[in-house]
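One chain, chain A, appears in both complexes that follow, with chain B as partner in the first and chain C in the second.
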Partner chain A sequence: MRKYFYLQLKRLIKILPPLLIACLVISLALGVFLGGMIENDKNDAKNQKFKIAVVGSTEDSYLNMGVKALETLDSTRFAVEIEQTDEVTARKNLESGKLAAYVVIPKGFAEAAYRGDIMKIKYYTTDSAVGVVSIFKDEVTKTISDILVDSQKGVYGFGDALQENTSISNIGDRMTALSLEYVSLILKRSEIYTVSVLGVSSGLSTAGYFLCGILTLFILLLGIVATGVFIKKDNSLCRVISAKGGNALWQVASEYLAYFLLIFLIVSLVLTVILGFTDLSDVIPDISWLVLADIPLLLIKLIPAVALITALQFLLFEISSSLVSGVLLQFLTAVALGYISGCFYPIYFFPESVQKFSQLLPSGIARVHISNCISNAFDNKLVLAGAVYFAVIMLITVIVRRYRIVGKE
Partner chain B sequence: MKLEINHIKKSFGKKQVLRDISLTAEKGECIGILGANGSGKSTLLTILAGVQKAGGGEFLLNGENLFKNSSLRSKTVGYVPQGTPLIDELTAYDNLLLWYSKKELKAELENGILKLLGINEFIKVPVRKMSGGMKKRLSIGCAVAKKPPVLLLDEPTAALDIACRQDIAEYLKGYKAAGGILFLTTHDPLELELCDRLFIIKEGLLTPFEFDGNLQKLVESL
Partner chain C sequence: MGKIKKLFLWYFLLNKRFLKKVGLWAILLIIPLLTVALNIVSLEDNGIISVALAAENKNDALVSEIIDEIRQDNRLMRFVVASTPAEAENLVKDGRVDAAWIFPDNLAQKLNNFVNDKQSVIRILEREETVPLMLSREKLSGVIYKNCSSSLYIKYVRENALELNSVSDERLMEYYNDIKSDGDLFEFSYTNEAHSTKDARETGYLLTPVRGLMAIMLVLSGLAAAMFYTADDKNGTFAWISQKAKPFVAGAFHLIPISITALAMLISLYLSGLWIGFLRELLLAFLYVICITVFCMTVRLICGSGKILGAITPIMMLLFIVICPVFLDIKVLRPIQSLFPTFHYLSAVHNNKFIAFMAVYAVIGSVVYFLLSKILHKA
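Moving on to the complex of A and B:
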């Protein structure tokens, strides 16, 4: 019955062009979706930076240096973005919501500081509802004021002390370097916020997580394009093959293997193009380790995930009796499983119970496995769980096929 | 060559579809099996073909029990079910390759059974583009690969036009004349003429029937 397998392959090759076109459409749609999700995530990150304007005279080098240090040394995610502008523009931007607050450095602030006097820096913020964010904004703005004042006091005082009491050359340059270090240390030790990278799976960045989720969803949706080929409206061929010794197990194995090879080929083509011939490492840093030569091994590692999803799809083909019901079943299953398995949103957005349930689903196992492959990790237990799942699904498929063979029309 | 069917039984759950089916057939005979819808005609053929197991009984060909020798059965029994046992996306040639080697296929197309069935006229046509008659001829062509001495046909000319029925009837006559044994289930008067003996399945039992052309009598017997 090897002939039956070869004929299944031949059959799929004949319909490959329209299948590839359908896959291209799905790839493009999901690609746009992925791009949107990553962009949305970046914008969220940007929006979490509190924009504060500094108004007033920063002609003094130290003051200017302090402000510049805040602008350039901030390497944390939830940071303050500082811009220098005039008061009219700052007020306008505050009222329109473009700024969280602005601080006004009064004229003569630097001179007063030299004399040891401190002039108050005024900060202006919106009269919004008192919530955690508003309080945080206030705290950050207050901290900026304090940092500016305190750092300038320290810098000025220390610089003056050095000039008066030492004969060190290039004090100005050294003071600048020291002040930058000082401000940097202050920012790093800030108690106002702590920064933690979102806990996405397998140590991936958010963009990397989305990539794996969308890839899982892509494979789930591929079942739709092959429905017309694998739905059985007529069981007579199954019966004739069975009469000639090709039992249900053999039939399912031959047809499934041909289907798996088709889907694996499509996934390989898409991934090779995306990972091998486009440079997305800026957007998705998790794939920066991948070069073209790494892709074949990556594809081999992805086999368990592809096998698990295609086994599920094949079972759905087997239990469908018409093209319409088959397509609907594939689509709804793909969307439902994709959603619960964290393909649309990071899984940690869901309650703990849903997260645990997701790990029990074939799509959940597949997504985690794909994430492990992208992050170069490998979980043997997960692969074993997937293999057990695969065996159970195929067993059910064989039973359904057996029923089709011996059952009444 | 002698074929014997002895006391075949089959139940689906509590429903006994075939209670005690027995008959014999000789070389060159065509046995017609009639019955109402759901009477068990197709079930009997699927059991004889080896698609499903009988609940009891024997199926002997020259004394060899084909129920216990699936290898011999698959070589000696050809089966043409209802429906289209073909792969739609492939051509007639590809479908035949499932049952013939390339060498055998070439020989049969040039001067054998497949030429007799007229399959060489549409050998490169995909199944989805074939007419009903072409599909049925191709199905028969697939079933008679390896030249089985016994051919089981389940309503072979259902949904075909008169010309196609005539063609297939002619082929089956030739098959019979060559010494094959035919079992066919039918409702078609043209096929009834082909049959040497007729049986009616009713309430799980097989009863001989003499058809004298009176369809009314036939309907009442069912």
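Moving on to the complex of A and C:
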């Protein structure tokens, strides 16, 4: 059976160049995706994620002052950039994706506000609520509404109290003075709390998590590139080899080992390039401990995760009977498992029940194992669970192969 | 009449043929399963970030009131009540929550003091500073602000309106509470103002990629149809069809599985709550089906063989997922997004301009396909 194993390796080496090109494209696409996910989460002042335009009657000096104050003083300036523009430009920028939203302040807003009549501000957005930050717009705008309403209560309550209990004539000026106090309180609202960043002592940072999720997804998608080699349209070859003494177990073992070596080689190449020859430690602090010399050991530690995912992929090859169904099955399984296992969205986005279910999936186990390897927190129990899973999957694969050999056409 | 009968016969036979393919059934089943699963999951307690709430004094009435208010109506944040500040801190250190908000003893007095001297009151502990956590603190600000607002009001009156010394604090608060607002300051709208944003606001974030994923399933069904067509063409199934009629037959061949999948998509959109109206959904689906048909036929022509098509299909699907705004909208990719029909479809949901773009895409795509087929046939 050694000969059969070498034959499988030869077959794979023959198609290695196109396989590597396909892997390169997948790596690039996932790299862009990872970059986008990390960018979305960055919080420095140069990377405001939420650009909002203010459109409308800013000829009022108080309104202008308010917008300037939001731009320079307010704590949300680290997440929100505000610009003033006209509605046509704002709509165009919203549709082209340069803006997350724009607000239109109606004409006469300031004068009406002085009279205690708060007009509605229209908030225009798009349907592409696919970024985490844009989803927060509801929370932020509700808070702004609540804050302004509470301030309004203070200012106009004061006005009513003066009206009913005094005979002073400059109630408007007194209310204006109080409203300026409220503005000061609003702009300093973030001082009501102190924030201490404890650091990521156990587990991964968000960027590190995304790296492990994308790496898991990458391995899941690699099954597609070898589909053409391992899909068997008929069982005649399996029967011939069985007749010559190579039973189902040997056949599966030889083919699987060749497949595993291929995938492991590709993963090793990609990781060596990314972790060994690029400096991403600023963006992904969890890999700051890794130097080129650490990579071979890391790759060895990753073997259980790669073995588990490749075993599942091999089972899918075994149950597919045509190239089309094989490719579809590999792709759909990769995307579905990747989604549920927290490769597209962090797993903590999902309810507890889904998080627990994900831990039972091979992709979920693989992702957690990869995360443990990156954060240097090896979990033997998880490796054992993965090994049991691997054995079960391979057993099913052998049974399917046996059925192909002895079963009717 | 005879020609129409023939057309229906072709449609029926091709439908029958495709419905025998396991691959197509896999796509058709996944679409509603995915929608139902995500709908169920989105009803459970979930959150983009999780925050532990803790009080230094559990008997402080204001703290309990604030914690209850914070925990109400949360679509995006999951709140966990820790029994002590130390437990909350451990939850953060262990990575089981993203942040902890710790409320001090005698909160009411401390909030009063804040109005005077701006001394911080609440402790927040985080693993790392991220944009979602920064924005989540606005929720805390909003809840706390109410108390600060009333404190500022009373303080200001007592210090700056001596004329109101005879008015008690209780009466002053009555003036404060008598001011009624008419709800939210902001009114949400899409650029197409005829559409209501109400459903969008109630849709959980877990359902936001569903339309995009289903749109991509349609592309997958189109590429699968292209692979089947290539195999059938190689087997000589269409040898008897004239060269002039072949593009139309190819079009029908691709159209059928795509339209079956589109039907499954429409049913799932209706069940998922993402439905935006019968006529609009039908129009968008119709145009999208045409765009996908043209796209897949062109890709098939360029690839030439089933093997190459099979090899690039998953890569193409991955590119669709990354480039089109399904999970992320990567704005720097805008220039190439317009090459992908899925981008126009997703953008057209609330923007009429993209409906026109889809129609233009279908026309240009058809012209490109016909020119390409002529060139490749001559070659």
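In this section, the second predicted complex is superposed on the first by the 249 of 409 C-alpha atoms of A that agree within 3 Å, B and C clash if a C-alpha of one lies under 4 Å from a C-alpha of the other, contacts with A are read in each partner's own complex, and residues count from 1 in each chain.
Operating definition for what follows: contacts are C-beta pairs under 8 Å (C-beta built on N, C-alpha and C of every residue); 3 or more make two chains touch, one makes a residue touch a chain.
Note that the structure is predicted; figures quoted are calculated from it, not measured.
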First (chain B), second (chain C), both or neither touched by A:K244: first
Partner chain(s) touched by A:Y4 [first = chain B, second = chain C, both, neither]: first
Partner chain(s) touched by A:S169 [first = chain B, second = chain C, both, neither]: neither
Residue contacts with chain A in the superposition, chain B compared against chain C: C
Which of chain B and chain C A:N380 touches, first, second, both or neither: neither
First, second, both or neither for A:K14, with chain B first and chain C second: first
Touching partner for A:A177 - first (chain B), second (chain C), both, neither: second
Common ground on chain A, meaning residues reached by chain C in one complex and by chain B in the other: none
Chain C to chain A touching residues, read off their complex: 21-23, 26-27, 30, 34, 41, 44-48, 50, 75-77, 89, 92-95, 98, 101, 111, 114-115, 118, 120-132, 134-142, 144-146, 148-150, 152-153, 156-157, 160-161, 163-164, 166-167, 171-172, 175-179, 181-191, 197, 200-201, 205-206, 208-209, 212-213, 220, 224, 227-228, 231, 306-307, 310-311, 313-315, 317-319, 321-322, 325-331, 333-334, 346-347, 349-351, 353
Chain A residues within the chain B interface of the complex: 3-4, 7, 10-11, 14-15, 229, 234-237, 239-240, 242-245, 405-406, 409
Contacting residues of chain B [partner chain A, same complex]: 42, 46, 49-52, 70-71, 74, 77, 79, 81-87, 89-90, 94-95, 97-99, 142-143
Chain A to chain C touching residues, read off their complex: 18, 22, 25-26, 29-30, 32-33, 36-37, 40-43, 49, 75-76, 78-79, 91, 94-98, 103, 116, 118, 120-133, 135-136, 138-154, 156-158, 160-162, 164-166, 168, 174, 177-178, 181-182, 185-186, 188-206, 221, 224-225, 227-228, 322-325, 327-332, 335-336, 344-345, 348-354
